[in-house]
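Quick heads-up: structures coming right below.
One chain, subunit A, links the two complexes that follow: it is found with subunit B in the first and with subunit C in the second.
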Partner chain A sequence: MKIAVLIKYCPDSEAVIKVSDGKLDTSGVKYSVSPYDEYACEEALKIIEAKGEGEVVVFNVGPQKNAKGIKDELARGADRAVHIVTDAEVTCPRYAGELLAAALKEENPDLILCGWKGIDYDLGVTGIKVAEYLGIPHVMIVTKLELSDGKANCTRQSDIDEVIEVALPAVIGTQKGLNEPRYPSLKGIMKAKKKPVKTTTPAEIGLERGDVRAEYTDFAQPPSKQAGKKFEGPESAAEVVKLLREEAKVI
Partner chain B sequence: MDFSLSENELEIVELVKEIADNELAPRMVEIDEASRFSWDNFKLLGNAGILGMLFPEKYGGTDLGYLAYSLSVEEVSRGDFNTGLTLSVHSMSALAILKFGTDKQKETYLQRLMTGDYLMAFVLSEPDFGSDAAGLQCRAEKVDGGYKLNGTKAWISNAEDAHLFVVWATLDPKLGKKGITTFIIEKDTEGIEVAKKEPKMGGEGTATNQIIFTDCFIPDDCLLGEEGRGLRVALNSLSGGRIGVAANATGVSQRALDEALAYSQERVQFDVPICEFQGIQWKLADMDTMIEAGRLLYQKAAYLKQYAGNDLDLDPIKEASQAKCFATDSCLHVCSEAVQIMGAYGYSREYPVERLMRYSKVTQIFEGSNEIQRNLIARELLKD
Partner chain C sequence: MFTPLSDIHLSHLRSIVGDEFVLTDPESIDYASRDETEDLCFPPECVVRPGTPGEISAIMKFASAEKIPVTPRGGGTGLSGGALPVHGGIVLYMDRMHEIIEIDEGNLFAVVETGIITEMFQDAVEKVGLFYPPDPASRGTCFIGGNIAENAGGPRAVKYGVTKDWVYGLEVVLPNGEIINPGGKLLKNVTGYNLTQLFIGSEGTLGVITKAVMKLIPKPKFSAVLLAAFDDPHAACRTVPVLFREGLDPSACEFMERDAMQMALGHVEKTLPNSDAAAHLLIEIDGNDENRLAEEIEKAGMVCDEGGAIDVILAESGQRVNEIWDIRRGAGEAVKSHSIYKEEDTVVPRAKLPDLFVGVKKICADRRVRSVCYGHAGDGNLHVNLLKDTLTDEEWASRLPPTITEIFKHCVSLGGTISGEHGIGWSQKEYLKLAVSEPELNLMRGIKKLFDPHGILNPGKVIDNRN
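Right after this comes the complex of A and B.
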């Protein structure tokens, strides 16, 4: 069995992103693999370990620096990787999906796992786009996954747990609760260096320009919250009512 | 001298840091409070490959060398000092098998010791024998097919939980140092009793017990190294162990500083955080400087130990003692200052620094008291 894991290399969950001149300032920010993608990789490793055969192939699209994130997943136990190297970050999930789908076509995996969203832009679109471009089903926000001859039973988290059966290959978007991702081992870190990473480019794939239909044009920091006002004693009631009416405009 | 780490080593220390922060640090107090060995933590080290850092790949190790290893001991200890101490003692004991053991001994034990399935204890001290090697009393009498052990060992860390002991005994007390011999003994061997658990001032997450050998028969293949050469095994192990303890103490100091640093920025008196006061700043500055100096000393010793490899003549005895002595003396001072900065909160069991301070005292005592370390340093200085 061949399982593809799509990973995104994002600013770490604790990173503080600044905005300057309408652009994101990511200088000095620590990057790591999006936590939702770690669930995907862990699930792939567990499936292959239980089967005792097969391979886990990591896919990523993005600039050269993402090689570090790819290596982290190889250190966790993935077998090899495909890195579509771009000059800059691909912010349009439609285009990212197009590129990944093209690379996935060549590999023909039996199952595609990815985090249901990246923790950077929180869009949750790339996995769905990949499925669309490949013409295969997708289930997102999956907290339990069971495979049986050519099918996947996915438990999808919502107010009521939904169980959805899809034919494989399919794209499954993983959610917190699916598993507990392992740490890489020291041996894994050392082995990761020798694992094959195939690099390609959008030009080589023949998609130098994708079907980009939406672009980020501006970023702005939300206005910082004003300090709250304190009122004490019953004599301030009139003042509070006045402010609720005139300033907060809620009554 | 070049202490710079390879890309590989840096990544590994980074991983150990992450494990220390996320897995060990949050449970440090709980483990120490419960006075119980943490198999979870030990297995975590085994799974990550941290128990195998000093061992060749063919035995399941990662062979990363002393520098990366000692930095990892520091990081693990910063997370949880009990686990850091176990890492050091276990590695030192297993290393004795690697260095002095037969192929069969290595094949039987090393793999299990690397994975964390087997825990090892270092069984040297006795109720009336510590630093003076000639005073060793535990007797290994030569009998048909092996040895018969009789005697009592004391202050043995992790004796309760360990599976395997590296034990020092004398063939005959009259032989003095030349009678001392080392053995590898499974704990469940008949004639071994793990006795009284010592109530202690600190470090309660690492149980310390007496071990009593009563007509304990062990076959010939339990012999580690040669008869009468046990002192050599002990000294070589201990110089490595001292680097481990120096790293352990440095990790504890760093944790104490981190706690005090955070507190000093939150605690407001006279309308400002207390870190704005020069009196507090000077304390913090001195603490950090002492930690850095101790770290450099153990790194230098680790670098030399790595370079020495199997050549016992190159064993960095002086540097290991200097690192142990300085880093552990600093540890008590730094922890005490951390308690001082945090005032009543520091003294309270609600905060972890009093626990660090209580533990820090023992680092001056075990693995050779700091007085003995100074003797060793002076002896090396006076050598012609």
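Right after this comes the complex of A and C.
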């Protein structure tokens, strides 16, 4: 069995992103693989380990620096990787999906796993676009996954847990709760150095311009919250009621 | 010897700080009667919350004249009873004096009032890209003033040193009410005796520290953590000096034996692949060059591997790094919630750590007292928790003192001492003579007498007037 894992290399969840002149300032910011994608990679490794045969192939689209994120997943146990190297961050999920789908077509995986969204822009679109471009089903926000006879039984997290069956190949978007991702080990890091990473470019794929229909034009810091007001003692009740009525206009 | 507080005393204190800042209600008294040292409890007669050094000066003059004991208190997280009013009197609770007066980015110094919580100070300087490294386990609640008084350490001490290495100036109210300002924003300063450093680690017995000039550095951009599992604790300890000899400069190098790891994992509800390994080393490396950091982490991993590690795992993302640290930081509370305990804060030269660990385990096994060890391996600083566990009260009472004495004698025989970062305070006083010679004790007594002739400031701590 061949499982593809799509990963995004994002500013670390602890990183502080500043905005200057309408642009994101990511200088000196630490990057790591989006945590949702770590669930995807862990699930792929567990499936292959249980089967005793097969391979996990990591896919990523983005600039050269993403090689570090790819290495991290190879160190966790993935077998090899495909890196579509771009000059800059691909911020349009439609275009990212198009590039990934093209690279995936060549590999013909039996199952595609990815985080249900990236931790940076929180869009949750790329995986769905990949499924669309490949013409295969997708299930997102999956917290339990069982495979049998060319089918995937997915539990999708909602107010009520929904169980959805799809035919493979399919794109499954993984959510927290699916598993506990392992830490890479030193041995894994050493082995990762020898694992093959195939690099390609949008030009080689023939999608240099791609299907970009939306672009970010500006970034701004939201206004900081106003300080709360504090009222003390029972005698302030009348004042609170007055403000709720006149200022907050909630009663 | 001391005067009990009367209503007249209380009303004079109220006239100094204001009515609402002199507290005698049961809740305040109960709060000030404990810290985090075992189950010790010494109620004060009142709690005073001063707002200015001037108020503290007036209180000290009054207390000196009236022979009333005064015990300064920070966050109350001490582990040797330093903030406990063992002779009653006034607890001087410093929480109102918590301003950051200045963050001087040009000179890389901050000036703070000492009632600020350590983590809030750290967060404030990190907002401008700066860093105050000392990180005692209690940093979320302890005060900078308490850190200075106890010369607090923490995991990062191995690279960045302890509190004393970051304090360059102080404002101190002396027991006679005089206010002095030794030191300043000066990297070099040889002008008479170093009074600044004398107050650091003085455990609140020489003066009330009200302001501090703290050195800062730019915050390192990247850090990563290795966790190495060993099936032989001795091998884990032996690996520690090799890391340094190989030229690595870890920002933390921590040791946990199996019981500590398993209790901590239970406490934070986590699992790890090799949680049943006999010992773990946690190694953190920080820096500003991501590639170099990756090389160093790998090298540290190789050293562990060659030292006999059965597995080495790596955490790089902020989330993963925090997960590992939560386990290590949870160890203290986890072990202490397990049973009645007595914690010893042994420290030896780094390369003697294997001998210290083996000796401690043997002493405790021979005396049939359960021990759980963890600590700052890179500093040779091993926290030994002696647990009452299944012992009866009588067994615990009779076995504990000889066990502690033997552990300390072993520690001193290795060139170590009996407290690395928790201080002597009240609870370790009787053991001080095991580590400090009589002439040194006499000098200390003389210093105390000079600063506090009436013996009213934090009486009964560190050292007694007589043997």
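Observations, loosely collected:
Convention: the second predicted complex is superposed on the first by the 230 of 251 C-alpha atoms of A that agree within 3 Å, B and C clash if a C-alpha of one lies under 4 Å from a C-alpha of the other, contacts with A are read in each partner's own complex, and residues count from 1 in each chain.
Heads up, the rule we're going with is that a contact is a pair of C-beta atoms (placed from the backbone, for glycine too) under 8 Å apart; a residue touches a chain by one contact, two chains touch by 3 or more.
The model shown is predicted, which means the values in this text are computed figures rather than measured ones.
Under the clash rule set out above, the superposition-derived model of subunit A with subunit B and subunit C contains a clash between the two partners.
In the superposition on chain A, A:Gly28 contacts subunit C only, with no contact to subunit B.
Of the two partner chains placed around the shared chain by superposition, neither subunit B nor subunit C is touched by A:Pro137.
In the superposed model, C is the one of subunit B and subunit C that contacts more residues of subunit A.
When both complexes are overlaid on chain A, the residue A:Pro184 reaches subunit B and subunit C alike. Looking at the shared chain after the overlay, A:Ala15 reaches subunit C, while subunit B stays out of its contact range.
When the two complexes are superposed on chain A, the residues of subunit A that touch both subunit B and subunit C are 75, 182-187, 189-190.
By the touch criterion stated above, subunit A contacts subunit C in their complex at residues 12-15, 28, 30, 32-33, 35, 68, 72, 75, 180, 182-187, 189-190.
Per the touch definition, subunit C reaches subunit A in the complex via residues 221-222, 226-227, 271, 273, 290, 294, 298, 301-302, 304-305, 311-320, 322. Every residue of subunit B that touches subunit A in the complex is listed here, in rising order: 8, 11-12, 15, 18-19, 47-50, 52-53, 62, 64.
Within the complex formed with subunit B, the subunit A residues making contact are 75, 182-190, 193.
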